[in-house]
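You will see two complexes here that share chain A, one where it goes with chain B and one where it goes with chain C.
Coming up: the complex of A and B.
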């Protein structure tokens, strides 16, 4: 297909026909402020913020300026077009639009959770005025909880309808609608509905102002305190790219990170709220020895507990030792696990799949979203036209385990073999690396673990698994380790450490490395990066990957931000003086 | 002293090398102000203690000057009130706009005005403010500080918190810095901050504790009417 050649601010740009000016500008690092436009949603063109000046060539080939500025989000590019984004007319238009948007907006910034990542704040600072000429009473609109995850503040809303379009086009549930007319226009629930869709948390992300805020994080932190760590959501095999937001080593929220090939701009609410177990009060903070006869036991240091485990493994011998890995271990940990325990007397434990099938996949309404065919064309849509996919498998790394330990080792039959061997008294020592939240072992497995004389359990929290153990080692949650997960589609992605392990807890990598060293095996370095290098060399399914390559670097988590670095305003002293003068006058 | 007219060889060489020797030479030559020369040891310096020419020895006793100086001393001792105060029994008031310890202001119903926006915490250069935010128990606002602590040992009394506050909830009063014998006492909690500026302090300034209505600062000597 021929490309259209045109210019934005004097820069020559080529884009496929049908592209909007705003998209082309953002793709080429020219920032145009916008509220209602979102790349994954249809174009509404109602915020009027992305005004630009457009000049088209006339019959004689000369550029003819349009009489009025146009909105860049709904203007298609054309051959020979000249777009200007910084002219005095554009600046004046933006100021006017912002003044209108702020007419009914309350001065809520001190108590608003969006403050600090609010487009209204940013653009007012960058493009707006510091004063308002509006002297009449502001309109008061409703505040209510739309659903378990979302609270709506009508006063702060600028009616960009991103959330309405999201529920129509991506979630497909049409839960949110616009009601009333004119100045009284406000977002509301559709009659008789509750906004409890599994993707509901995403409207908080796409809301450019503080109208839709997360009830989970309501009033908890101010966003400027948050540190952001790129990571992978572990709660299903989709492997959504996320960011972990922490303050003082406490995880406060998870946000989706844009990856067009995995999760687009979205993540589901199960993943979004799936950080609570990290700070659960039942979290294991120290290692324990609790022999079956309860004759002795108590807390242990890390080295002592490793010596104890090594002694148990030596006593049991290779025939009497079984090891269970969970599908929540990283590939590096699984590789170390395989080097230590082989692939014969090992089995995989995993969380059972979702019980309620209605959660997956999510189909948007492709008739209502004209941009869906366009997204499919660019490979932004998942198969079958689904806008989002929540995998049935609630484990992040089953594929990685199957690749490293082998299909047979991960089959349920192997776990049954362990259970039978344990109940027959052939297993003298079982090592279980679980570190899964919300894991209830099935009844036969719990009985088998209780029947083994020495059961070593590495886990996150006190529970049935730790209760069946004789030696309990405090393990690390996914946010506390570095490594890679391989998602259900076979895509290997990296997660980063967002916080250190609490108390005495150690990552499974450290546990396995120390155990191997104690058993006298040559272990080599204990670095995820080096182990991944070994993995790439040894396992065919990982061949060709590199530690740097598996890290998808989306520069911005924020879905309403352009993926390109934003042009920051350069303020000269003269500009400051001009601004002051403008503000006073 | 003849050093200026006839510089000694030591004086030409320089002070760092031969200051002791030059001092000895000067004292030998000048006789009477020997102590000065030996003590200062600056060979190039003009001696200041040499009397101007044309004064008699009676004048050089300076009796009249000593008498007038002592008269002034005794006049101040007897007739004038002292300029100093008997701190800490007697304290000069600070400028009403001085920045002392904080107060957390309350509304008519005794509820703190603070909405826990954490802007003071963000503005604080010494990171001495710690706030725990919670949902407010009152219907007219959403959030309020469950805990509000200021570490007065870390505070540098810059007043940025007061500038940042959008609700006029925090204010620096002229109350000077308190003294305690343990560190814990310097961490002021919410209750202490709410009651940090007691009534007798407010009455000390005619316009209550509002800063702009307080009496102007009197400058040197202080406003004695305020000392009690």
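Coming up: the complex of A and C.
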């Protein structure tokens, strides 16, 4: 396709015809402030923030100065076009828009959760004025909970309609609408609706101001205290790229991280709220010995518990030992697991597919989950042609397990084989590496585990699984690990450690490494990175991957943020006085 | 149902009955022309603008489209769409169809050209309202002198003060200074305003210009569709400021604020609604600044206790009395 050549602020740019000026500018690191424009949504052109001066060559080929500014989001690039983003026409237009946006804004930043990541704050600081000429009463609009995850503060809303377009174009539910008109315009629920769509939390991300905020994190933390760790959401086989936001080692929220080939800009609410188990009161913080035949037992240190497990495995012998891995282990942990236990007397445990009946877009293997038909008709295409959907498989790394342990080891038949062997009394020792939140072992498995004389369970929380064990080891949640997951479409992605393991808890990597050492196997150094290197060399499905390559660096770090982290100019007190002096008191 | 709407629907029905509309009209196979009933649900005025109609017709919300293309290139359903006023369409058969002249198109064109001025030929239905004895719609040649037009509408017992010559968004003119203005496109442009919809609103000396502007701005604040920031916020802001001045609570800097917000709104929106509410602000302050200042100085409306009270506070711009 022929490219159009034009210039933005003197920089020569080539772009395919049909590109909008705003996209071209952002792609080339020229920041143009904008509110209503979002790359994944249709163009509305209503906020008027992205106005630039566009000069087109006239009949004589000379550039003619523009009489009025144009919005960059709805202006197509043209051959020979000259776009200017810093002329007085543009700066004055931006000041005007910001003045209009702020006249009815409550300026309640001190109690607003968006403060610190608010485009209204940032742009006012960078492009606006430090005074207001507005002397009238402000308009009052409603505040209400749109749904379980989203609260709406009408007074803060700038009516950009990103959220309305999201529910129309991405979620397909049309839950949100704009009602009234003129200055009374306000976002509201469509009649008779509750905004409980599984993708509802995304409107909080795309809201450029504090109008739509998360009820989950309401007034809990100030965003500038949050540390951001890039990671992967573990709650289904989609493997949405996310950021884990922590303060003082406490996870406060998960945010989607843009990856056009996996999740676009989005993630679902199941994933978004799927960090609660990390801080659950039932979380295992220490290792325990709870023998079946004796009343004694109790807390153990890590080394003691490992010695106990090694003893149990030695006693049981290779024939009497089975090991179960969960589809929540990282590829590196699975690799170490395979080195330790082989691929014969091992099986895979995993969370069952979604059972809820309510509509949401789900993708997945319909043979594995015949109850869940593919629902592709709703939702918008991501860049690679896939639709943003939640995977039916509620496990992050089933594919990785299949690649490392083999399809047979991961088949349900193998787990049945274990259950039968255990119930027949052939299993002397079972090692279960679960570390899955909300996992209820199916009844036969629970019975089988209870029938095995020595059952070792590595898990996150007290529950039926830990209850069936004789030795309980406190494991690590996914946010406490480094490693890689391979999603349902075969893409290997890296997760990073956002917080240390709590209490005595250890990562499965540490558990496996200590156990191997105790059993006298040559383990060698076991960093996730090193293990991943081994995996690349030894397992064909991982050939060609690199530790650096499996981490997707989002071009846009966070959906509400600009293309590049911007450094704000620091206004000197003198400049503030100058600005105020220009206004009316 | 409004009378105008009844007549429109009736005319459409009549045309169908006579075979002028529908499938294969005039017996030409495949020549289909359909006219839908116009939408009746209330819509903001901005939806009646050229860019507003097509989203409205496909029920996508009554807001003007931000498409950079003109509707004639890409309008309804992305197809080229011609959007015209009823006046234009109503005159077409007389001009190009030789309607009433035995189908002689040349005669129709010559007849059209025999009226009006060189650059603005033809007729125009002027809707004259306000302080004239016989308000109503007058079909007159373009280029008619404003003074003659007002006399034709019956004149008025008190001296005139101002006229809005082209619908409420046209810039106001002072009277009697502008009585000689030629009521056509060029003449009014020369006078710094526009012919617009040819809605002529006449005000006599009892009218408070601040109050009249407040009346207009109330309309605009109510009619803005609220899509673009400057118009959504600016209309309400301007209304509140002018209301305050009229109540005698104005400050001198309010006038600068009004002019400043007008500057910041004009040319910054999708449709021309921002211009529509800003031109009255700019022209009222430019031509009647002393009246605004009197409101602010005296902390009251000087006309409330003056001639206006005597005249019984007759409404301005209310159409037929």
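Everything below uses one rule, namely that the second predicted complex is superposed on the first by the 528 of 585 C-alpha atoms of A that agree within 3 Å, B and C clash if a C-alpha of one lies under 4 Å from a C-alpha of the other, contacts with A are read in each partner's own complex, and residues count from 1 in each chain.
What we mean here is this: a residue touches a chain if its C-beta (ideal position, glycine included) is under 8 Å from a C-beta of that chain, and two chains touch if they have at least 3 such contacts.
Just so it is clear, the model here is predicted, and its values are computed rather than measured.
Clash-free side-by-side placement of chain B and chain C is the outcome of superposition onto chain A.
When the two structures are aligned on the shared chain, A:222 is found in touch with chain B, with no touch to chain C. By the touch criterion defined above, A:96 reaches chain C but does not reach chain B.
Of the two partner chains placed by the overlay, only chain B lies in contact with A:110; chain C stays clear of it.
For the superposed model, the angle subtended at the Cα centre of chain A by chain B and chain C works out to 90 degrees in steps of 10.
Contacts of A:261 after superposition: neither chain B nor chain C is touched. If you count the residues of chain A touched by chain B and by chain C, you find the higher number for C.
Once the two complexes are overlaid on the shared chain, A:76 sits against chain C while remaining clear of chain B.
Of the two partner chains placed by the overlay, neither chain B nor chain C lies in contact with A:538.
Here chain B and chain C sit at a least CA-CA distance of 26 Å once the structures share a frame through chain A.
Residues common to the contacts of chain A with chain B and with chain C across the two structures: none. On the side of chain C, the complex with chain A involves touching residues 44, 61, 63, 66-68, 221-230, 232-237, 240-241, 244, 251, 253-254, 256-257, 260-261, 263-270. Those residues of chain A that touch chain C in the complex are listed here as 43-49, 51, 67-69, 71, 74-76, 92-93, 95-97, 99-101, 103-104, 133-137, 139, 158-159, 178, 180-185, 584-585. Against chain B, the residues of chain A that register as touching in their complex are 107, 109-111, 115, 218-220, 222, 224. Residue ranges on chain B touching chain A, taken from their complex, read 115-119, 122, 133-135, 141-143, 166-167.
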